[in-house]
Amino acid sequence: MLMEAIGFYAMAMFLVFFAFKTISDPNPIHCALYLSLTMIGLAGVFYQLDAQFIAGVQMIVYAGAVMVLFVMVLMLFDLKTELRAFSRGLLSGFLKIFSAAILAGFALGAATNSIGIVDEQPPKVMSANITRDLSILLYTKYLYAFEALGILLLVVAVGAVAVSRIKGGSHARD
Amino acid sequence: MSQLVPVIVLSIFVVIFGIIIELVALLCSTAGKKSATKLESYECGLPSDTSGTTRIPIKFYLTAILFILFDIEIIFMYPWALTYGDFISSGLGLYILGSMGFFLLVFIFGLFWEVKSKALEWE
Amino acid sequence: MGSDVFEITVNFVKMVAIFLMMVQLVPLLVWVERRGSAYIQNRFGPNRVGPLGLTQLLADAVKFITKEEFSPAAGHWFLFYAAPVIALIPATLAFGAIPLSAPINVGSFEMLGHTWGPYIFKFQSFDMGSIGIVFVLAVSSLAAYSLLLAGYGSANKYALYGALRASAQTISYELAMGLSLVGILLLFNTFSFSEIVAVQNGPLSFYFFGQVVTFSGIPNWGIFYQPLGALILMAAMFAETNRLPFDLPEAEGELVAGYHTEYGGIKMNMFYIGEYGHMLVASGLMVTFFFGGYTLYPLLTPDTVAAWFAKLGGTEASILTALVLHVVFLAKVLFFLWLFIWVRWTLPRFRYDQLMDLGWKTMLPWALGNTIITALVIFVMRTKW
Amino acid sequence: MLATNAEPFLKIGLNHYLFLSAILFSFGMIAVLMRKNVIVMLMGVELMLNAVNLSFIAFAKELGNLNGQIMVFFVMTIAAAEAGVGLALAVAIYKKYKDLNIRAFEQLRG
């Protein structure tokens, strides 16, 4: 129990630290790198929660693909450190901070209040081969969603190519 | 959890190993004169011109996004490959083949469209 | 990592030893590569320092360490120094998950007035169990980061362009690599390395219209079912390791030295360790998926080798068996490493558009076709008509 | 006595993971609300989605039910697609206005 707690708190501190760096660092490329570290840490947490295959997918899709795309795009732009990383404006700034604080409070409060909603149950034993059960479930109960995702990915591929073809400069501000 | 500990330990070990090697190299390095020219980015001997944005072709970015989309489709095939034998031996072979066949059809259509629309052309 | 001090220590030492094995292979391979290329091109290669030029490696190491250290002023020094360290991680972690030999069974013994219970030590850094293959793919997908960091940290146009080229190439060929493995997974229906090795340790046997057909004397290797998959995996691995004929990121005619233009000395060498580590992982994966891993049915299987040492009994027999099987594995891996070097000095370099065309328009469709045909054949053959 | 007091902190259960998830979600939300750079805002969205994934997986483990994991699979797919399209739009905007400030999007009409 003690080792488990130490593992959890170490992992949680890792995640919270890098998530904080993600949103607070002025240089966008650093943000992307911190976020990819957060993703890798989350994959570790998923693994610990008996979602081994999902953890692998998290690494491949998020850390290995999406964040590489983010870093590549940021290099494409050649952005320097932003002097004013956070948006300003007195009223809107106040409103933003206020709403962020309220929403964060709601999220934390919901998490705190959900103690006891799920009854104390004897820990259910996950089957020996979770990945196999997961795939059987994916191709039977969720077959429709799976096929729909296939079509969604096709649409996104077509859309991304179309958007990237937009010619720049013809209607520029100046 | 117990399976994850060695992975974390090995990663930390490798990082420490790398840092130690770099530190040793830093200690043993021959001291040279640090001139502004030496610290400049290497550009074949011409005076470096680091001002101005480096213009990177949009192609790289487009390749990366298409990679993400196809990568996800490939990842969906892994659980399929894992349970393919189970489905066949329980008599559901045609079902699993058909359900993946539709997905693959969409995949092939997407790839065909990308090739056709010259999104994958490099010159 | 283990339940008591002895097990934890052994596991840690084992992990470090496997990592150092990977690191140690680099100077040896560099020597083989130099001498081999010289042989191929009818030259001598480094032959002055020591017998056969072997101590050239030591001289090089001294040179690498004593090079002057500096980072470009315009660059980002932390990322510049972090990139070589990060380059080591994916290859190390991926290599750690591949089983290098049969597990060692250690019986209980007395030491320091304490009975240490029976242990089973896997001959690999860590066993990821039922998701081994996904783990290797996941870890090797992180390889793009060190390239991008090197390019960004150097603040050099050639380095940045080389890094973008390298990472675009790496991720493009990752698709073909991932898809070429689907065929072998369809056959063996498992993500676990040890199960894949166990299946291949036997006579060639498959379903033929619902009937099991067995050819005794021929091993049940993946290459006999998936020759195209093996070929695509091998080609994709060449691109993943950024070696000739796919070493466009460092095409010196166009990009000076690609993403390591600004690197010198030991930092450059660490990139080399990463590259050769990737070669090692690639060879290990080829051997494990298509060539029976550490077994060589019918001659050297865990059972037959254990029978040689049956007289010794217990722990010693287990250790010796594991070592013999490890030699089998190493022999296979060294063949593929030599193949990497051989191809490098034989084929010319592609052009970048040819490279991308090969990845997206040739290898991806072929891998897709391989998957579809494999699925259809397996469906027809395994169904009881 | 100490053991019983410390038990809520040492016995890691669903609540701990939900709390972690809530913290990460709040961070993502703050990034979306308060950063100027469009791409960093997209990163905030990714962080929020990941926090939700974490609570899905924690519930899946607690209830011994794999539906949560399947849902995470789908969320990841859609998040990756969303990131792709979002970045495509950001690149298009950058090409037009040479700026990634969220203010540049105010020009987008007609």
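Letters A, B, C and D mark the chains as written, and numbering starts fresh at 1 in each.
Convention: a contact is a pair of C-beta atoms (placed from the backbone, for glycine too) under 8 Å apart; a residue touches a chain by one contact, two chains touch by 3 or more.
Nothing here was measured: the structure is a model prediction, and the numbers come from that model.
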Next on the checklist: Once the contact rule is applied, which chains count as partners of both chain B and chain C?
Outcome noted: A
Checklist outcome for this item: Comparing A-D with A-C, the one with more C-beta contacts is A-D
Next on the checklist: I'd like the most central chain, judged by C-alpha centroids against the all-protein C-alpha centroid.
Outcome noted: B
Checklist entry - Taking each chain's centre as the mean of its CA atoms, how far is chain C from chain D in angstrom? => result 34
Checklist outcome for this item: Chain centres from averaged Cα atoms put chain A and chain D apart, in whole Å, by 4
Checklist entry - If you average the Cα atoms of chain A and of chain C to get two centres, how far apart are those centres in Å? => result 30
Next on the checklist: What's the distance between the Cα centroids of chain B and chain D, rounded to whole Å?
Outcome noted: 22
Checklist outcome for this item: Residues in chain D with touches to at least two other chains are numbered 76-77, 80-81, 83-84, 87-88, 91
Item to check | Residue list for chain C, restricted to those that touch at least two other chains | outcome: 129, 134, 160, 164, 167-168, 171, 174, 191
Checklist outcome for this item: Residues of chain B that touch at least two other chains are 3, 54, 56, 58, 60-61, 64-65, 67-72, 75, 82-83, 86, 100, 107, 114
Checklist outcome for this item: Chain pairs that touch, by label, are A-B, A-C, A-D, B-C, B-D
Checklist entry - Which residues of chain C touch chain A in the complex? => result 129-131, 134-135, 137-139, 141-142, 144-145, 148-149, 151-152, 160, 163-164, 167-168, 171, 174, 191
Item to check | Complex contacts: residues of chain D adjacent to chain A | outcome: 9-12, 14-31, 33-37, 39-40, 42-44, 46-47, 50, 53-54, 57-67, 69-70, 72-74, 76-81, 83-85, 87-92, 94-98, 100, 102, 107
Checklist entry - If you look only at chain A, which of its residues touch chain C in the complex? => result 29, 33, 36, 40, 43, 52-53, 55-57, 59-60, 63-65, 68, 71-72, 75, 129, 131
Item to check | Footprint of chain A on chain B - complex, ascending | outcome: 1, 3-4, 8, 53-54, 56, 58, 60-62, 64-73, 75-76, 79-80, 82-83, 86-87, 96, 99-100, 102-103, 106-107, 109-110, 113-114, 117, 119
Checklist outcome for this item: In the complex, the residues of chain D that touch chain B are 76-77, 80-81, 83-84, 87-88, 91
